[in-house]
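One chain, chain A, links the two complexes that follow: it is found with chain B in the first and with chain C in the second.
== the complex of A and B ==
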């Protein structure tokens, strides 16, 4: 009974998202919803390394860039079909993550954050300067879109992928691997003392999180039809971190909610025009000070309080 | 070849001076308060912009605009400590980092709002060039190097020789013991933020005079600052000074001999290599 009850909000949310394209009259909101679903994938990846393992990585957008450019360039240069390049994108990203994760995971805390941030900067610099391949700052346009650019079809593709990858993240979190990742977050020395090679699990979390980003990047490229290096900069990596924090770090629903927030919040603040950046920053600061456990954390606490009251009154 | 290396070393010393000033601010805040103060670069650029504004639209002489900007920097740093970082003092360190990211957005937004998108150069009027053998040294670069050295020495004297400096070091060493010894741990963070921000503003002014200030420059600078901390060892003053100088010269030589487009990549690769070989940094204490 309890398990079904716990699944209920998920099924409701999924049903709501499934009918969304039918009720949305403004095309632009459909566009934003697709972006939000792509960001759900990216944020779920970020949550694996940041939320569960406790390592704040600032290279998620860089990995998105590798997926986006990887898929686009393979299609452009080898004439591979779109589906093949989109499947290859996370695999290529995984190779990059292996190469960068191995050295950077040897350090912890702020060191790790800054090293990954440096990797993001390196990725952008190479994308800008290796213009024979990437067309530099101007970017690549006319990237092929599936179904001739049918938005509604793309929406359902993004929804299916976001939902299944959220499920996969939940399965990882509940597995033995997930337990070890949580243990690493709480006390890495203790994990090592138990004879568990923590680095393998950290690298696993980092590579999987990068694969999520790589797929998200490929989806982004084939949805927008245009990419340039700026899209995959540090600012977007910060958005991934924000999505996790605002939604609720180390929860499964948190990154999904946070992803919608980081896509829609700047749009809602559009009325503020040039003050938007200031407001966005202010919301972030206030949210961290006054609700550090995120929306999901607050909801859970409120729910627990109601249950307790029920129990007290009922029994 | 040798002349060219010497030339690039001199060039690198000026930019290295900027890195040292930024890194000293970051390392003080990190060493004493444990905060990765990511907004430091954007706030430093605010100081640079303010100097430009005072020196152009307000018609102040640059030498009069600089102290005004420095004082504004001290006050701004204290304000940031009280309003943004103090509320998350006892929370997880990641929270302070997220607050720092939000602050960065706010300050970048404020800079855009007040000073616009255009890149600006602080007009110093210093255009003489000294020649020494085959090496040319622009007057401005020389003054920047001298000013950086003066500021570093002043800060070292303040931290090492004064009563307040002693209290700051005591808090860095052992917070609880410092409280028991009667150190006021509410004013120490204020002083630390004021001092760090003043050093940052000085660096921002140097960037504005040597190169240009534009949106986004501050973020690049703070990342370099953190790279310096990693090179030198987090929380170590001598490490920040050595790391900043090494990074400035490495970058300059890399730009001159390898590729100016990839100079930042080379700087970061050096940082990552140091981290792999000596995770505690060049002068950091083993954990």
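== the complex of A and C ==
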């Protein structure tokens, strides 16, 4: 019974998202919802390394870029079918993550964050300067879109992938691997003292996290039809971190909620005109100060308080 | 004719006139602006958005746009795209999907413009690009896209000829060379100076947010160049000019920036700017301006309490071109007809920039307009138009047509 109750909000959210395209009369909101679902995938990946393992990585957008360019260039240069390139995108990203993760994860805390930030900068510099392949800052246009650019169909693709990868993240979190990742976050030295090779688990989290980003990047490229290096800069990596913090770090629902916030909030604030970004920044500062456990954390605490009160009154 | 008959005839005539005029229903035409209103690109984007709003007020005051039996008064909605591709896509999607806008103007910056250009061909909308100078925007033959600003390499070719004529052989470049159109400008300059035995001896890069360019300048100084060429946004370019003087580099300074006096003087002094050349399209400066340009400068300054940036009329001219195209097409509803009319448009008399029509048309087959190019020099606190730069719009248009 408890399990069904716990699943109920997820089923409701899924049902709501499934009917969304049918009730949205303004397709602009469908466009934003697709972007938000792509960001759900990216943020779930970020949560694996940041929320569960306790390592703040600032290269998630860089990995998105590798997935986006990987899929696009394979399609354009080798004429591979779109679906094949999209499947290949996270695999290519995984290779890069393996190569960068091994040296990066030798350091901890702020040092790890700085190293990954440097990797993001390097990825952007390579994308800008290797213009024979990437077309540099001008970017690549007319990237093929599935179903001739039908946004409704793409929405369902993004929804299925976001839901599946959220489920996968939940399965990882509940597995023995997930428990070790949480233990690494709590006390890495203790984990090592127990004879567990922590580096293998950290590398696993980092690579899986990158694969999520790679797939998110490929989806972005084939949805928007245009990519250039600017889209995959450090600012976007910070958005991924922000999505995790705002929603609730180390939770499964948190990154999903946070992803919708980082996409919708700046758009909803357009009424503020040139003060939009000031207002957005202010909301983020206040949210981080007053809600460090994120929306899910606050909701859980409030729910627990209500239950306690009910029990007290009942007893 | 009796007095009664005459009165009745007059009344009938008056009635006909009133009925006739009431047939010309007044409607609202909403045009959208997607541009960088905040961030680094705002030095170009904000004046562009202001220019469109000003043009709309002028057109409305003069009676609006006549399209067949209808008269349209213009309403402008402007959204910030931060010069970011994703933001630009979101802004344009909002304009088209939510606000029902069919005509989208502005577009100061190349990355964000290219993102929108990649899907605008599938929309029942017309996109008019302003200051964004990346060449590829008009090489894709998108039928519902036109651009008022010429591509950077069109201007670079003319600039190279000018520098070559000045006799400097060893040129050091410092600029935002990771931005495609600046690199294209420099490549064109290099091609021209090579023809007279000149060379580019250094290509140093700054990013658009950099403010300390002394390391690059110190390196360049060590190479002993005959001149430096600075390509980039206004602020970093202003820092280069200032720091070159502070480092004692007493050599000619050429640039491609399109900044106003006011924008440069926020960073540097007039003395430090003295003698700097800006080799760019013949954009707005009071000394080069036509009668329209003088009026535009005065009206803009009065309305916004600031001088217009030299490139802002690209956006102002967009709205007058759109007005003429809608009137020629006789409809504002049919965007295909308006897009076609834009391609066949003669240069409207109200525009500010000095366009060089190709085969008598403002926009060529690629949807590209060409202005003349000019050499401007900073003299005693002002950009002074010194001379026209040789530019062959027809030859360039043919070259552009060969690109994919």
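What we mean here is this: the second predicted complex is superposed on the first by the 315 of 315 C-alpha atoms of A that agree within 3 Å, B and C clash if a C-alpha of one lies under 4 Å from a C-alpha of the other, contacts with A are read in each partner's own complex, and residues count from 1 in each chain.
Everything below uses one rule, namely that a contact is a pair of C-beta atoms (placed from the backbone, for glycine too) under 8 Å apart; a residue touches a chain by one contact, two chains touch by 3 or more.
It should be emphasised that the depicted structure is a prediction, and the values quoted were computed from it without experimental measurement.
J.: Would you mind checking whether chain B and chain C clash or fit side by side on chain A after the superposition?
T.: Once both complexes are aligned on chain A, chain B and chain C clash.
J.: Could you tell me if A:241 is touching chain B, chain C, both of them or neither one (first, second, both, neither)?
T.: First partner only, chain B.
J.: So in the superposed three-chain picture, is A:231 touching just chain B, just chain C, both, or none of them (first/second/both/neither)?
T.: second
J.: After the superposition on A, what does A:4 contact: first (chain B), second (chain C), both or neither?
T.: neither
J.: For A:267 in the superposed arrangement: first (chain B), second (chain C), both or neither?
T.: A:267: touches chain C, not chain B.
J.: Of the two partner chains, chain B (first) and chain C (second), which one does A:26 touch, if any: first, second, both, or neither?
T.: Only chain C; A:26 stays clear of chain B.
J.: Per the contact definition in the header, classify A:129: touching chain B only (first), chain C only (second), both, or neither.
T.: In the superposition, A:129 contacts both chain B and chain C.
J.: With both complexes overlaid on chain A, does A:137 touch chain B (first), chain C (second), both or neither?
T.: After superposing on A, A:137 lies in contact with chain C but is clear of chain B.
J.: Which partner does A:118 reach: the first (chain B), the second (chain C), both, or neither?
T.: The answer is first: A:118 touches chain B but not chain C.
J.: According to the stated criteria, A:277 is in contact with first (chain B), second (chain C), both, or neither; which is it?
T.: Both partners, chain B and chain C.
J.: Quick one: from 127-135, 181-189, 235-243 or 379-387, give me the piece of chain C that collides with chain B in the overlay.
T.: 235-243
J.: From the superposed pair, tell me which chain A residues show up as contacts to chain B and also as contacts to chain C.
T.: In chain A, residues 128-129, 274, 276-277 are touched by chain B and also by chain C.
J.: For the complex, which residues does chain A have touching chain B?
T.: Residues of chain A touching chain B: 56, 103-104, 106-107, 109-111, 113-115, 117-119, 121-122, 125-126, 128-129, 234, 238, 241-242, 245, 274-285, 288-289, 292.
J.: Which positions of chain C touch chain A when the two form their complex?
T.: Contact set of chain C toward chain A: 37-38, 79-80, 82, 84-87, 89-90, 93-94, 96-98, 110-111, 114-115, 117-119, 122, 134, 136, 140, 178-181, 183.
J.: Can you tell me which positions in chain B touch chain A when the two form their complex?
T.: Within the complex, chain B touches chain A at residues 30, 36, 84, 87-88, 91-95, 97-99, 101-110, 112-113, 219, 223, 226-227, 229-230, 234, 261-262, 264-265, 268-269, 271-272, 275-276, 279.
J.: For the complex, give me every residue of chain A touching chain C.
T.: For chain A paired with chain C, touching residues are 26-29, 31-32, 35, 128-129, 131, 135-139, 141-143, 149, 224-228, 230-231, 266-267, 270, 273-274, 276-277.
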